[in-house]
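As written, the chains take the letters A, B, C and D, and residue 1 is the first residue of each chain.
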């Protein structure tokens, strides 16, 4: 059973990473990236590194997302072609 | 004993403490900042100088962090080569700090000065920590501080070009940091240790040849970006020419060299020369850096911007250093380490001279420097003295290092590399003499340069002259240093 | 052309890494090199040697404390870089700031935040102080403090927060992490050990565990407070804006 | 023992069902407001059911208290988030879907 969950998490991780790169709307990219961090935190938890999972959830999904959103607010939302 | 044994950590910690205190020091009045910086760097320099009495060329000084013995805790390991580079870093950054005291007011607004000095000290402290450490992950940590502070210092002027150049630097630098981390992970996964001395022992009898090979390739790519190895140099010209001149001096004179030093450590301290994994990579490194020597030299000749020219010349000289490392014998290694020292001084002197011209007149293009010697003879003479060292004319320090590099190449049987060194010197002669010709022998535009002597202030001239004189002096007294260096290099290679 | 080369580079790197992964020691097996050298000592002796039940904290703060000092410096450098490039926030009529909260007037949100923020803060303090026993510690707790202050700022606005945590207070607190490391290091040197030694050789044996616990706690609190202040200062600097409010 | 597992299983299944409903609604419904409707409510309900199921499963221990706290936080924060998103969408003047209008993508 374990490997199924791992496989699903890895697939989701790659999917979010790719879609965060491909997203033209930067706000969407940031939100997807925050999802990526959350999945990463889950993976750390599964690898028995709760300290790291904790940090990833707080910093990756929480604080940096806010910083990114503010930066997008102050610049442009759409990527230039 | 007593306090003596704690010197290694003091050298690193003093600039760091001062960096943390910098916003508070500069809160009331920014004028105190440069003085505090000079005090911190002066004490670091003194302590480093005192360490020369303790470290023998065949030995090393080991300081165990938190009192844990090495593979378990972190070790600071200073051998003669790293001590030599530590002293170079301390001395040059001290001189640059003195230089920037007056100069930086010209390029930055007053409210940015505390953060400038804070980042400056962090840059210096991280380089010191990077060179001194004997633990490979600790090296990565200090490299991150180094990288972050140098990105910020390139962008500190805050205008469009500066931010652009810094962003380019960041885009190249961040992946390279990740690569270094990846390589460290690979090494850790097959050895289970992070201490360099322990690593080299474990690598020697490790069965995981493929992983070791991959890790060394990734290390070379990662540190290659930091050292501006030829095909990975794209960030360098912009970043080094657009940053404020003292920072250009630091980046070109020290930061890039520290990247080269990291490659040296990886090749000689972690993977020992006898290691079979190294055989192919050092040849590739040699070819790439030989290409870098020629490429940097040729592009430096074609530049119109003064600082841009110096930046391309840096690429060429990094090629020298890495070529000497890739030859892998004691002569060439001595030449490389000594070249780190004298190129650091000469390049810092170049950028500080460029800074002095900018301080006085604001000219950056080579054409605008026509006849500058009439107005600023002292700066111009300092520049030409340093240029002699960059070209490698005896008896300057540049000659000594090139002599050893070429000797090492011939001793190792790499005759082509020796020819490339000579071609590189010819190229250096062309781009340096062109500037000297412009400065001294062309008639100045009347509205640009006055015929009366009107020099930069003493605080700018003193560091410039100290640097250019020491390239000369250390060339003359090199017989005092070179034997110890060569002993240390032999020790590093044989081990 | 550029695209082609970068793709080529990435493909080469990917092939190299895949090749390496197939040759790497297996994950979680008994006889892998990572389990043979330093790890057994950490797992067996950490609790006794460092006085922390949580081995991770023992490794991070004690065995490899110098690395953590470096990490803390990285965070501090990040703040210094942000301040150097965009500057600190300033109060005054001419300085506007980016207001993230058009919903700020909503009573429901305010009440909810007033209810939640103290609880989040409480949790973060628990995380920091309990770091040597359970997962968590200075970094994590600091990030959570930062997050709660960020929530507060988004709802109540920049000036409300800056009046609670003025610049003068933040100057020393931003460096708190590094300063706590340095002070513990200095205590270690004075106490007869090396830099960052927690078990001071000069003390009598009976006193050592207590002093060690207090020093560990000092570093944890320093990291927590320092990290939180760095986050909040970066937030304030980002929100600051000279001239009008720019929305998208 | 068995009864507890069965109850927990049923609660978890119910919770997952609501999650699926909420996600389907999020994907299928036409505009911001109607999408908020399933996503917040179903997520709250689904999350609470799963957590209560876990509470039943774990029996009476320290973990139960933690789960209870999570339920409380979920109730507060999820509702507030829904309110905040809806309100800001309304303040911004995002158009409300009416019959005959195209679905916004």
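Here, a contact is a pair of C-beta atoms (placed from the backbone, for glycine too) under 8 Å apart; a residue touches a chain by one contact, two chains touch by 3 or more.
Because the structure is a prediction, the values reported are computed rather than measured.
The chains in contact with subunit A as well as with subunit C do not exist; no chain meets both.
The mean-CA centres of subunit B and subunit C are about 30 angstrom from one another, to the nearest whole unit. Here the spacing of subunit A and subunit D, counted between their Cα centres, is 21 Å.
Per-chain CA centroids place subunit B at a distance of 57 Å from subunit D. In summary, the structure contains touching chain pairs A-C, B-C, C-D.
Those residues of subunit C lying in contact with subunit A across their complex are 54, 56-57, 98, 100, 127, 135-137, 139-140, 143-144, 146-147, 150, 154, 231, 234-235, 238-239, 241, 246-248. Interface residues of subunit C, counted against subunit D in their complex, comprise 102-103, 106, 108-109, 112-113, 115-116, 119. Residue ranges of subunit B in contact with subunit C, taken from their complex: 6, 9, 13, 16-17, 19-21, 23-24, 27, 63-68, 71-74, 111-112, 115-116, 118-119, 122, 125-126, 129, 135, 137-138, 141-142, 144-145, 148-149, 151-153, 155-156, 158, 163, 186, 188-194, 198, 202, 206, 208, 210-211, 214, 217-218.
Subunit D makes touch with subunit C in their complex at residues 73, 76-77, 79-80, 83-84, 87-88, 91-92. Only residues 50-51, 54-55, 58-59, 62-63, 66-67, 69-74, 76-77 of subunit A touch subunit C when the two sit together in their complex.
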